[in-house]
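Shared between the two complexes below is chain A, which pairs with chain B and chain C, respectively.
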Partner chain A sequence: MILAALVNGLALGAGYALLAVGWTVLLGAARLVNFAHGQLYMLGAFVTWFAISRFGLPYGVAVPVALVVVAVLGVVLQLLMTRMTLDQNIVNLMLVTLAFGYLLQGGAALLFGGDPQTIDSPLQQQDLALGAARFTGQDVLIVVLALAFYALTFVVLGRTDLGRMVRGVAEDPKLAQLYGIDAARVYLAVFVFSAVCAALAGAVVGPRSPILTSMGFEEVIVTFLVVVLAGVGNLVGGLVVAIGLGLFTAFFGTFFPPAYSTAAAFVVLLVVLVVRPQGLAARR
Partner chain B sequence: MSALLDVADLRVRYGHSLAVDGVSVRVGAGELVAVAGANGAGKSTLVDAVAGWSRGRPAVTGSVRLAGQDVGRLAAHRRAGLGLVLVPEGKGVFDGMTVQENLRVVRPPRGTAGRPYSVDDVLDVFPRLRERIAARCSTLSGGERQMVAIGRALRAAPRLLILDEPSVGLAPRLVVEVLTHIRDLVDAGLSVLLVEQNVRAALEVADRLHLLDQGRIVASGTAAQMREDDRVAQAYLGGLGP
Partner chain C sequence: MTADVATRGTTGAPAARRVPTWARALLWVVLVALAYLLPSLLGGSDRIYTTVVLVAIFAIMSYGVDVVLSYLGEVSLGHTLFWAAGAYTTAILAVRSGWTPIPALLASIVVTVLLALLLGLATLRTREFVFSLVTYAAAIIGLTVVQNTQALGGSDGVVGVPLLELPAFGGTYVARTNAELWPIALVCLVLVVLLVARFRRSRLGTTALMAQMNGELSTAMGVDVRRTRMLVFVLSAPITALAGWLYAYQRSYVSPDLLSPTFLLFMLTAVILPGRRLLLGPLVGALLLTSQQQLASLGGDADKIVLGGVLAVVLLASPTGLVGIWHGLVRRVRGSRR
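Right after this comes the complex of A and B.
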């Protein structure tokens, strides 16, 4: 039972991590917020499902299609918010992205219907075992992708010119212009990256359970939880906290009614914010 | 001399306040032109407007031409891409990055007419930065930070470098060091528009100087002429004549 909870928690946590990596970069490196993040996760799952069920595309092709669709949507959303972003008008950005979230949810319900759907992934049918713990190929994919995305993001932000530009714009977008950096383009790139990460999370976590167009709100709350617990912008902390949250949820669900697991996670958040306001993984 | 930078009748207004009132400035190729004046004279506002850069939202009218091209409507990063590069007063570097990262984040624009400086070229200009290359900029001294700021501007292959009060906050010995570096760059062919509150120091290195007061140019001339100007001597050099 313990081993099963451990494996389940790892997969769950890796899903949270994949969902949170984009937001961590968005909020930490670019000082941007996006409350439509959960709906982009939902769209990643639904466009994948739609590409498979309507066009008969294999799962491996449907996922990139979903990522492209959400990336294009991300471009449109960010272009609409360029002025607010350059002005770092955080309150308006929160409200506008919240509105985008509701619009995306309504649009998805019109397009895809309100019934629960299942994403047909061959990896979900692939049963694997580690001792007494059973898991699927899909769980392995989620963990591998989460680790790969965190490693990639870590290297890009720390070691490449693109990463330096993102960090420069995050520190001082006005000064960045004098370095010849087009801050609006950097914001666009970061927003699209974040949207694609959310869509990827939806596309790979989606096959684990039925998907609904109403999902997304809990996911954005979980993302927020991870980013705040880790300390805003802390990439490694984000991965550790996401995995920790997945394990906490899995173990909590093993011994207590799972319906209370989100509430329990928020109790942890409250305690952490009181004891360590800078976040669990942030350095003092 | 045909002007590399030609600023004509520039006016900058913040709300109802006119900060720069009809200023015209020309900088020739390989020339160092200084703009001097007291605090609040409008010096920084003037050069920020020339670079298309501001932390506020000023209304700017007039024309700014670089090598004959009208750049007055371009965003700051586009002007920088054309070689009109500003080092602002105060915070001119990314504190959260190392010296090397600050220098590497700038890439010389493709097809630029300015001289592209590699990171090594910058370290040749400012050898002191070589030993501080891995240090975070927040840990540098004021003089070192100013060198990084000028160095990153050189990386952008400037045709015209605008320096806003590079001597502010520096010890007198460092002021001389920084200004000497700037003069060396001009002697190597770079054009510089220098804003300086320290008129005595500006006259040491400038070819020409404009005196700005309440947003207007009140005196202009070569460095030699301005040293002889009674208004400059009385107001800024502590007495009449040298």
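Right after this comes the complex of A and C.
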């Protein structure tokens, strides 16, 4: 039972990590708090489902289609918010992303209907076992993708010119612009990256359980928990906290009613905020 | 008609300052009397009374957020928690323990103040957006917890809230219909508007505004920004709880939907649509939104698009709200005359 919870927790945590990686970069670089993140996750899952059930595309093709659709949506949303982001008007940015999320949820309910749906992924049928613990090929895919995305983000941010530009804008947008960096384009790139990560998380975690257009709120809370617990903009901390949160949820769910697991994690967050307001992994 | 009343109250504010106090008080009394007669002037149907009662309740609910958003400049996304706490405390005490309305209201206020203290203390030393994240998380998690806790009625909620009975001269006043609830709702609304008006002129209100405009300067002038934030947040919670108390009696049941993002979006839009920092702003916002939902509804999902769309468009096109658009028009007209 402990091994089963461990494997399940690892898959859950990898899903959380994939969900949170874009947000970590977004908050670190653009100081943009995106409340529509959960709805982008929901859209990633639903566009994948739609492409499979309506157009008969195989899962492997439907996922990239969903990513492109959400990326285009991300471009539109960020272009609308460009001036607000450049002004760093955090209050209005939070409010407008909240409105976007609500708008996307209403739109998706009209478009996709209110019934629960399942994403048909061939990997979900592939049963694997490790001792007493059972898992699927889909779980393996989630873990592999999460690790790959963290590695990619870490290398791009730390080692490339693009990463230097993002870090420069994060440090001081005005100074970065003096050096000829187009801050608006950096914000756009970071926002689209974050949207695509959320959509990918939705497309690969979605097949594990039935999906609803009303989902996304729990997911955005999980993202907050990861980002705030890890300390804002802390990439490695984010991965560790996400996996830890997945394990916490899985173990909590084995011994207590699973519905309360996010609430229990939230109580942990409140305690951490009182003791270490800068986050668990932050220096200082 | 109420829209007329409200806009006169807001845009007429500079002009009213030259009017003596007694005349201003008289004006307000006339406005309240007109508001009281408004539903019967509009025909007095049950639908009209339902709408005006809901406008009053939702306006009070929005005033709680208004105090934090307009004057403190912080985004509380947890006020649905206070709204639901007010309604649930009332419903549970009234249904299961037979409490009368006034003690139930006092208990609701105590519960929400404790909740606000808890959230406020936890976010005391954090950066600005963490406050919003934590309050949002509290509301969403509150929804899951209430849905899954049988002691709070689970996903069915608590049904059978008795009628609102208040002690009155020579017996009790029983609100059996929305028409009979209207005077109580209006009195609550007037009291809340008076409280917010008093807050705007108070030391706490001006300090909050100063902390919003320039936090470092106000710290340098000896203002404890954290303490100000805490006090304003704790003050705002019972305002929203009062609306929850009224709503429990109006609807005669409470359910987890009180914690849904619908009410959150409603509160924020009601404050932002007319323009922030207007005394009657949340009332005008609640009037516009409730009228759409009650009298011109397009169905649940389409109404979501309307609500989210209105908030997004206002923020992107005119962050200062309808008042900002109005000022822009006035400036353009004056400019073209020259």
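Definition applied: the second predicted complex is superposed on the first by the 284 of 284 C-alpha atoms of A that agree within 3 Å, B and C clash if a C-alpha of one lies under 4 Å from a C-alpha of the other, contacts with A are read in each partner's own complex, and residues count from 1 in each chain.
In this section, a contact is a pair of C-beta atoms (placed from the backbone, for glycine too) under 8 Å apart; a residue touches a chain by one contact, two chains touch by 3 or more.
Only a predicted model underlies this, so the values are computations on that prediction, with no experimental measurement involved.
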Report task. Evaluate whether chain B and chain C can sit on chain A together after superposition, giving fit or clash. Result -> fit
Requested in this report: State whether A:182 touches chain B only (first), chain C only (second), both chains, or neither.
Outcome: first
Requested in this report: Check whether A:123 is in contact with chain B, with chain C, with both or with neither, and answer first, second, both or neither.
Outcome: neither
Report summary line: After superposition on A, vertex chain A (C-alpha centre) with arms to chain B and chain C, in degrees to the nearest 10, comes to 90
Requested in this report: Check whether A:57 is in contact with chain B, with chain C, with both or with neither, and answer first, second, both or neither.
Outcome: neither
Requested in this report: Could you say whether A:103 touches chain B, chain C, both of them, or neither, answering first, second, both or neither?
Outcome: second
**Report entry** Which partner, chain B or chain C, touches more chain A residues
**Finding:** C
**Report entry** Contacts of A:75 with chain B and chain C, given as first, second, both or neither
**Finding:** neither
Query raised in the report: Which holds for A:140: it touches chain B only (first), chain C only (second), both, or neither?
Result: neither
**Report entry** Minimum Cα separation, chain C to chain B, after superposition on A (Å)
**Finding:** 16
**Report entry** Contact residues common to both interfaces of chain A (with chain B and with chain C)
**Finding:** none
Report summary line: chain B partner, complex, touching residues on chain A are 161, 164-165, 167-168, 171-172, 174-183
Query raised in the report: Across the complex, what residues on chain C touch chain A?
Result: 69, 73-75, 77, 118, 121-123, 125-130, 132-134, 136-138, 140-141, 143-145, 147-148, 261, 264-265, 268-269, 272, 301-305, 307-309, 311-312, 315-316, 319
Query - List of chain B residues in touch with chain A within their complex - result: 51, 53, 55, 75-77, 80-81, 85-88, 91-92, 94-97, 101, 104-107, 109, 152-153, 156
Query raised in the report: In their complex, what parts of chain A are in touch with chain C?
Result: 31, 33, 35, 80-81, 84, 89-92, 94-96, 98-107, 109-110, 217-218, 220-221, 224-225, 228, 232, 257, 259-260, 262-263, 266, 269-270, 273-274, 277
